[in-house]
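Below, each structure is written out as structure tokens.
One chain, chain A, links the two complexes that follow: it is found with chain B in the first and with chain C in the second.
Let's look at the complex of A and B:
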């Protein structure tokens, strides 16, 4: 098969680009520690989430203190709100502390993204999405449902308030 | 000889496929402009925000599924008849057409029912506001799923007609190489058969019985995974016909000939191998799927860049050769010698240019961890309006200026409108898509009627949100104008009287490096299909087995209305 010399050079450059992309992504995973959303959150019966009978913290979702440096936020996404998160029920977490979000759905697919951060996951009925992060900066962050979930989808937002560690009141923790 | 006189039966088939495609394009474009004005907040008087999603579903289904599939069926019918020099088997081809049309009407009626208050039909609300991804457990009327299934089955039978033609040709030409166009078409269809199995199982085994109440629940992660098993290859089902045009017709329009037949075959074989085992890159941020499977899909996706990068080289080299034949000189000066006033040529070139930009934004999507930044933001539709919305759609419109005269025998009417049309589309898309990409970087989500929230406001990273909205609205308006220009030219050409000699024909010059230089193994479909299947088993076997092992419909969701 005849391959023109220019084409051989182009082919080599293309392969270099591809291998380079894979290398940078591998570095992001192994070196920089960017973990992917995966199956670590486990499964849950979506119909039990709907009726509040899972026997887990999702029946009364909120924030659980694991220890001084780690909080877990349980969120139920449903048509068309995050509980907690939407309206006048923002998620309040301390800065510079590990925060794990565990999110599941009571009905259809939803999205869970916190603006200006890398926190971005699908919320799929039957699965618990688990994302761990640390907020370096205090302030109010937007919370967005980014997957179409029905006629009121565009109203499904919320907020996350990150407060200084010293001001974080453990009594706000619901469990 | 004009194609319509040489192959009158196939010409009638191509005309029928194109009519459906163009009607879908017109309605889809109308929905598109309503959406662009609505979500940017410039004008919300056409529909309520709840009904926005009905139009959004219609826009996606009519443009991404109906316009594409029917146009491709027409283009492929022409390509097979032209390169094998025979009429298509009529019974098979028309069976396919009527099945696909029935499916389209069923799905369209189900969707449009949503605008008319979702009346109860056969015991189910007639609506299908589920978007073109129809993720369970959101439920549409059963007619929507049945329609989708008929479109898929119809496309399978359309493919059978190409195979029947190839087999008949093969018995008469046992030792000849498969002509390039037919090679590309058959390779595309093999990829299509392999990948549509996913959506066929999703719809027929799960969603139809579930929507009828025959089974009580489905596993949303499993049905979503089956959808994306099909959902990425489908973009190559759109792209490969555009590549067929760029490889086999565009060089001639540029005044030259294809640079390399062997490389073109290699590119299509690579698509057959790599198009399917990549679907998890649409599920990078899905819970329930281990990271390792996402990594395998990422690696395959990156290698899928290779055939497109090779195409960039071959197409540009072929066009440059054409320009030099026309007297073009210099490193870049040859660009001036190209026929930029031929809408078939300029449309394909502008489509290719935008596809390059879309390719680069696609590399970000494919980058597993950087994808966190833009997943499900407006960046994503910004990306695919460059790929399916321009690389495919503009190429389809451009080549219609060249092909429709040949399947009707009528000269192209309103030539000056046709000459301007690809440039209007290009400018409109440049405005809309760049703003959508930037809005995505600011975190603004896709698929929403009103991207504003009570709890917080978005801030643009590059430019302001108000400026992005304006660009999206103006861009959308220009795209709608371009679609109307195209349809007006087509309608006038169609209704014109025959007369005079056509300036276009379906005779093609031989490639610079012909099929005789390409190894025969490239035409070994059994080998490539087998390797493609092995790659799919590696990518999909373990995760699908894990999803099925805990019960096929567990964890399960009942149907939930929108």
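Let's look at the complex of A and C:
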């Protein structure tokens, strides 16, 4: 089989491009530390979440301070709001600090996506979705449910306020 | 030809409004224009006129959860302070006027005992919703209308209008002919259960009946069509229990409150075994068959466009046939056609190649340039998408 020299060149370039793609994804995982959402959050009884009898922080969801550089936000998603997050109860977290969101549903399938970030997970009844992130920039981020959850799905949203570390005081922590 | 939904709704609402003008009195049920169609706990307008303060519960039971205002529709006098009181159930709620109205309780509140009040001065219908749960039917209305609390005269006039809006309830009911049978002024009204209809003995007869408040409605089983029961659609009062087949069985209920009570036979609901009792409203004879008949849908836009399209579609096969006939008639002249029916075609002579080239002697430079451009483009898009768009944003890191 005769292969023209030009064809040899662009076949080689195509292979190089594929190697490049794989290399960048490897860099994202190993170098930048991008992680996937897994089942590390564990399981929970959704009816207990609904009635507030889980015996966990989900009974009174809010922000828990693990230590100076790590806060955990417990969020219950239910038709059609995030508690905390929706309405007059935005999630307030400090910037440049590790923040873990533990989200679970009290009724049906929901979504938990923070706009303009890559924080995005399904919220499955019976499962605790766990995602950790660090916000570099202060400001207000939108919070949306992006899994159809019923007639009021389009109204289900909220906000995440990222405030400078210095302005974040422990009194805002609910637990 | 499209009939805009909005146009249709507007026209229909206008039609409904026109329909009630003739019988409207000060006491009559306000026309909410379908506002309460998806509100399960709406059961007529509660008259609280003459009180200084009227309370409305926010997060009352209804709409499949604690997603209701109670009472959903209330009539008060001008100058009344309406106090919305949160029950604390059903999550965060708020009270916001539909459209430009005055009500706005602000952000969502879920705390029990929270209140929001507003004093209405001018007459009118003030519709409002709870924003997160409006889709579930958490809607209400306050009607400001002068007049005392006593509604002595015109009891017969209260209640749904002459042609009640059943909201498509009877769409699949074969024995409903658009008429609400008027039985007002009688003490007892009988409805047959298992009457002929809906392809068998699966109907209520009459399916829609208007009675006066305080009338006892007796459902009488015909014994045909197997086991039937009578159960209110949604939260209503009717419930005859488990399906019964025996002829002569009766179940009765006395309707006191005005409103439209829809009900079904549970086993045969999917066949169209549905009915409605309209309590209150116009006195005997005012509506009649003429008004009750189904109205023709108003069609907006040029009528010729619709009829033209339909006609064109209908005659398309004929047009096709005519075209084919025309093509047949424009065959080549007889003297060009050979004995075997084909038309000889003269082929062009094959040209000798000007230059012969070997495999490596020609370089497709233009193609190479194009391929190179695509490679650069893909590489750039990759860099921007992965390193700028993806890694540049806050990422999940654990």
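One rule holds for everything that comes next: the second predicted complex is superposed on the first by the 150 of 175 C-alpha atoms of A that agree within 3 Å, B and C clash if a C-alpha of one lies under 4 Å from a C-alpha of the other, contacts with A are read in each partner's own complex, and residues count from 1 in each chain.
Convention: a residue touches a chain if its C-beta (ideal position, glycine included) is under 8 Å from a C-beta of that chain, and two chains touch if they have at least 3 such contacts.
Keep in mind that what you see is a predicted model, and the values were worked out from it rather than measured.
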Exercise. Taking the superposition as given, does A:100 touch the first partner, chain B, the second, chain C, both, or neither?
Worked result: second
Problem set entry | Which of chain B and chain C A:91 touches, first, second, both or neither | neither
For this session: Check whether A:75 is in contact with chain B, with chain C, with both or with neither, and answer first, second, both or neither.
Result: neither
Exercise. Which of the two partners, first being chain B and second being chain C, lies in contact with A:140: first, second, both, or neither?
Worked result: first
Problem set entry | Partner chain in contact with A:108 - chain B first, chain C second, else both or neither | first
Exercise. Regarding the shared-chain residue A:132, is it in contact with chain B (first), chain C (second), both, or neither?
Worked result: second
Exercise. A:5 contacts which: chain B (first), chain C (second), both, neither?
Worked result: second
Exercise. If you count the residues of chain A that each partner touches, which comes out higher, chain B or chain C?
Worked result: B
Exercise. If you stack the two complexes on chain A, which partner ends up touching A:83: first (chain B), second (chain C), both, or neither?
Worked result: second
Problem set entry | Contacts of A:45 with chain B and chain C, given as first, second, both or neither | first
Seminar exercise, completed: So the chain A residues that chain B and chain C both touch are 2, 4, 6, 10, 14, 17, 21, 24-25, 28, 32, 34-37, 79, 86-87, 116, 118-120, 150-155
For this session: Using the touch rule from the top, collect the residues of chain C that touch chain A in their complex.
Result: 65, 91-92, 94, 106-110, 131-136, 359-360, 363-364, 367-368, 371-372, 375, 378-379, 382, 386-387, 390-391, 393-398
For this session: Can you check the complex and tell me which residues of chain A touch chain B?
Result: 1-4, 6-7, 10-11, 14-15, 17-18, 21-22, 24-25, 28-29, 32, 34-39, 41, 43-47, 79, 86-87, 90, 107-109, 111, 113, 115-116, 118-130, 140-155, 157-159
Exercise. Within the complex, which stretch of chain B touches chain A?
Worked result: 49-50, 53, 56, 129, 131, 135, 137-138, 217, 219-221, 224, 259-260, 262-263, 283-291, 294-295, 298-299, 302-303, 305-306, 309-310, 313-314, 317, 363, 366-370, 372-373, 375-377, 443, 445-451, 453-458, 513, 517-519, 550, 554-558, 560-562
Problem set entry | Contacting residues of chain A [partner chain C, same complex] | 2, 4-6, 9-10, 13-14, 17, 20-21, 24-25, 28, 32-37, 78-81, 83, 86-89, 98, 100, 114, 116-120, 131-136, 150-156
